[in-house]
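As written, the chain order gives the labels A, B, C, D, E and F, with residue 1 at the start of each chain.
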Amino acid sequence: MKSLTHLDENGRPRMVNVSDKAVTRRTATAEGRLLCSEQTLALVRQGRTPKGAVIHTAELAGIVAAKRTHELIPLCHSLALSGVSVTIELRDELPGFLVQSEVRSTGQTGVEMEALTAVSIACLTLFDMLKAIDRAMVIDQVAVVSKTGGASGAWAGTAHD
Amino acid sequence: MKSLTHLDENGRPRMVNVSDKAVTRRTATAEGRLLCSEQTLALVRQGRTPKGAVIHTAELAGIVAAKRTHELIPLCHSLALSGVSVTIELRDELPGFLVQSEVRSTGQTGVEMEALTAVSIACLTLFDMLKAIDRAMVIDQVAVVSKTGGASGAWAGTAHD
Amino acid sequence: MKSLTHLDENGRPRMVNVSDKAVTRRTATAEGRLLCSEQTLALVRQGRTPKGAVIHTAELAGIVAAKRTHELIPLCHSLALSGVSVTIELRDELPGFLVQSEVRSTGQTGVEMEALTAVSIACLTLFDMLKAIDRAMVIDQVAVVSKTGGASGAWAGTAHD
Amino acid sequence: MKSLTHLDENGRPRMVNVSDKAVTRRTATAEGRLLCSEQTLALVRQGRTPKGAVIHTAELAGIVAAKRTHELIPLCHSLALSGVSVTIELRDELPGFLVQSEVRSTGQTGVEMEALTAVSIACLTLFDMLKAIDRAMVIDQVAVVSKTGGASGAWAGTAHD
Amino acid sequence: MKSLTHLDENGRPRMVNVSDKAVTRRTATAEGRLLCSEQTLALVRQGRTPKGAVIHTAELAGIVAAKRTHELIPLCHSLALSGVSVTIELRDELPGFLVQSEVRSTGQTGVEMEALTAVSIACLTLFDMLKAIDRAMVIDQVAVVSKTGGASGAWAGTAHD
Amino acid sequence: MKSLTHLDENGRPRMVNVSDKAVTRRTATAEGRLLCSEQTLALVRQGRTPKGAVIHTAELAGIVAAKRTHELIPLCHSLALSGVSVTIELRDELPGFLVQSEVRSTGQTGVEMEALTAVSIACLTLFDMLKAIDRAMVIDQVAVVSKTGGASGAWAGTAHD
C-alpha cells in the first residue's frame, strides 16, 4: 500500500533519500489559469496597457521561481534544471489567462513541483500587475499536465476543463 | 480611467513609487483549495499518515513564503510583516484541503500578494507531500477574501464557491 | 579626516550603527553602459530578435536585484525601497546600451548601492542574453549620477563621458 | 546565422534546454576595475585603513555572489561550481583596483556569467566600503578574459586596456 | 604538514577547486543540544504546549537550512543533497533537547557543514519558539558525529558527553 | 502563566501579530565558542595560516547571516537592522575561539535571534575553514548575553562559564 514518502516511520518529515534512484532525463508540464473580468482582459489585449510587458514579466517570474522551488517547498530536493519555459496566452472564453510551463532536468527526482511552481508564481505575478484594476481575480486549475522519466515513467493527466 | 500602475507611460515595468502614500495598518486574507481524491483525503485523515505533519509542514511553508513574496513577484515592494497565519482544513465535500491565510503589516502598500503567496505555497507544499499517492490533484480558487487599510479602505470579495 | 565607516577602530568589518541618523527621503540615480559590436546592436534593433524581450528582461532583473542589494553587499543595510525603475536605451554612438536606474526610499541610509546594483545586474543580464553572438562585450562607466537626502544632502556627479 | 538562444521563435524568454549538451570541464576568467581618486587609493594603501579588511571583504563578496548568479540573472542555469577565486590588486596607474575572477565547473553550460558576476559584486562591495570618502568612483571595463570547455572550446578576449 | 585549504598561498580566501576529486557517495551525521530549564522542558513535554508543533517546526527548519548551507558559509560549495533528516528528542537528563541530523549526497565534497548547519538552525528555531518562557537557554556541543565517503573515508568522532 | 506565543490556541504555528507593540530601540548581544585542539589554535595564531583571513571571513559571514535570520528561522519577523558587529578572539584557555555579536534595531520585535544567528554562522564558518585540520571541533555555549528595549526591558544572562 502506498504511503507518504516525505514522512518517516514515526511521521517525522524528511527529505527523502534518493541516492539509489537512477539518473534519468525528466520533463514535466503544468498549467493553470488566472480568471479575470472581461474588462481586465480587454484592457490588456486591446488597449491602454502594453500587453507584452504584463505577459513577459509574468513569464520571467515563473522561470526564475522554478529555479527556487527547493527554497520554497520544504522537502523538495534542489535540482539543476536543464531548461524552463513559461507561456501565457489570453483567452476570451475564460475570460482570463492560460499559463503553461515546461521544465526539464537530468537527475534522480522528478520536476513536477518545479513546473507547478513556475505556473503558480506566473499567475501571482499577473495578479500583482492587474490587481489595481481587478481585485476579484482567481487563480484556478493549477495542475500537472504530463511528466516523463523516472521509475514511474510517462504520465499524462486527464484534462480538468 | 484606471491603468496599470506597474508600468510607466512607455509600458516599461517599474516598482511603483509609494513615497507619498500614507503609512496605515493593513490586513489581507486569502484562500485557496487543493482538490484531491477521496482516498487521498482519507489517507491523510484516518490513517496511515500523521495528519499533523502534512498539514503543519504546509502551514509553515506558507508562512515562510509570505516573508519572501517580494523576492518572487518582481514588482512587489519588500515589507516588514507584523503577523502571518496560515490555516489548513480537511474538507470532505471538496474533497480536499481548504487553505486560508491572514497577513498584517503597517506600511505604504497592501499585503494581498503576501496573503496569496502564503496560500499558493502552502497548496504547493501539500501537493508535494501527497503527489506520491495522487498525481492528479488540482490547486483551485486561490483568491483574495478581504483587505483593510490603505487609501481604498476595506474590501471583501464575493465568494467564489 | 575622513575614514572608512565600515571598519571599526581595529579594522574589523561591521554594519555601521545608523540608529541615530535621521529618517529622510532618499533618492539615488546611477548609470552604466554595455558596449557591444555594431552588429550586435543592429541585431537587437533591426531585426531577428525581439528587442523588447531583451531590454525588458534586463530592466526587470535590475529592479529585482535592487531589492536584494543587502544580500549581495556584505555590509549594506537592508532597506524597504519605495520605488525602483530601470531604463535601457540603445545607443549607436557607443555602440551599445545605456542603462539608468532610479531608486527611492525613506530611511536612515542612502540608496546609492541599490541604484548601482540595479545597473550592474541589468548590464550582466544584457550580457547573458547577447553573449551567444558577442563574447567581447564590456560593462563600462557604472557610477552614481546623483543622490538626495541624508545628512550630506544632494550631490551630483560629474559626467564620466 | 546567429540568433539569441534565450528567446524562442516567438521572442518569448526561456531558459535554454541544455539536455543534449556534453558535460565538460569549464573555466572562465573575467576582470574589471574600480577607478577612484589617488587620495582614496592612498588611504587604502598607506594608511589609516586596514587594507586587508577592505580587499578581503570584496573578494569574499565576489566569491559568494558567483554561487548566486542564477538567482540574479533570470535566464542563467543553476550550476554546482567546482572552484571560485577573486583577486583584487591596488593599481596606481589607474588609479584604482583591478579585480580578477576565475570560476570552474563541470557541466553543460559555461561559467562566464559567474565570473562576471563575481567581478561586478566585488567592485560594488569596494564601492560600498569606500563611498564615504569618494562618491565619484567608477566601475569600468568589466569583461570576460578567457574561457575553456564546451562545444565552442577555448576563447581569449582581446585586451581592453 | 596540513594547511588551510580555503586560503591560497597568499592567504587569500577561495572556494577550493574540487574538479579533480572523485564523485563518491557521502554521508555526515551531526548533533547538538539545546539546554533549557526543567520547567521549559516540562512545559513542552507535559502540558500547555503542543509538543509536536515546536519539535516539528525546528526539524523542518533544520532540513530547509541544510539546503542553503552554501549561501550561509562563504567558501562552501553548493551541493545537490540526496537526503536530509533531522531528529529532535526531549531529554530530562540535560535538561533540554538532543538534535541530530543526517545528510547524504553524491559528489566531490563532503556534507559535514550541511549536517552541522541543519543542527544549528534547528537549535536556533527551538530557541526562538521557547525564548518567551526561557531566555537563558544555551546551544551546546554542536559537532560532527560521523562521516563516510571521500578520499579520507569513514570517520567517527569521540563522544563529547 | 506563560505560554508559547508562536503557537495559536490550537497549537498551530504562526508569526505572532506585533502590530500593537511599541516601536523601541532594541539591542542584543550573544556569544558562543568554537572549541578546537591546541594545535589548531596554534596554527591559526602562530603560523602557517593568515589569521586575519580566517577570522575576518567568519566575522563577515556572521554579519551577513544576521540580515537573513528571518529566512532561516520560520516564525521570526523580518527586520531592518540598524547595526551589526561580530568579534572573534583566540583564546588559549579554551582552547578555541570566542565569538561575540551585537545587533541593533528600532522596531517592534527583539533582536536576540539575529544576535544568536550571527554567532552560530560565524562559528560554522570557522569550522568550515578549519575542518581540514581538525574534524573534532565543537560549537559550545551559544547564548544570549544581554538585551535592551521592548516591553520586558533590559536583561542580562548569568554567565555560562
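Following the convention adopted for this analysis, a residue touches a chain if its C-beta (ideal position, glycine included) is under 8 Å from a C-beta of that chain, and two chains touch if they have at least 3 such contacts.
Treat the numbers as computed from the prediction; the structure is a model and nothing was measured.
A.B. asks: The C-F interface: which of B-C, E-F or A-B repeats it, judged by over half of the contact pairs being the same residue numbers?
C.D. replies: B-C
A.B. asks: Sort the other chains by how far their Cα centres are from that of chain D and give me the top one.
C.D. replies: So the farthest one, by centre of C-alpha atoms, is B.
A.B. asks: How many Å are there between the centre of chain A and the centre of chain E, using C-alpha atoms for each centre?
C.D. replies: Distance between chain centres, rounded to whole Å: 32 Å.
A.B. asks: What are the residue numbers in chain A that touch two or more other chains?
C.D. replies: Residues 12-13, 52-53, 56-57, 60, 64, 68, 71, 74-75, 80 of chain A touch two or more partner chains.
A.B. asks: Taking touching chains as linked, do they make an open path (line), a single closed cycle (ring), a hub with spokes (star), an all-linked set (complete), or other?
C.D. replies: other
A.B. asks: How about chain A: which of its residues touch chain B in the complex?
C.D. replies: 1-7, 11-13, 32, 43, 48-50, 52-54, 57, 60-61, 65, 68, 71-76, 112-113, 116-117, 120-121, 123-125, 127-133, 135-144, 147, 155, 157-158, 160
A.B. asks: Quick one: which bits of chain A touch chain E in the complex? Just the residue numbers, please.
C.D. replies: 8, 12-19, 70-71, 74-75, 77-80, 107-108
A.B. asks: Please name which positions on chain A make contact with chain C in the complex.
C.D. replies: 52-53, 56-57, 60, 64
A.B. asks: What residues of chain A sit close enough to touch chain D in their complex?
C.D. replies: So the residues of chain A touching chain D come out as 25, 56, 59-60, 63-64, 66-68, 80-87, 104, 106.
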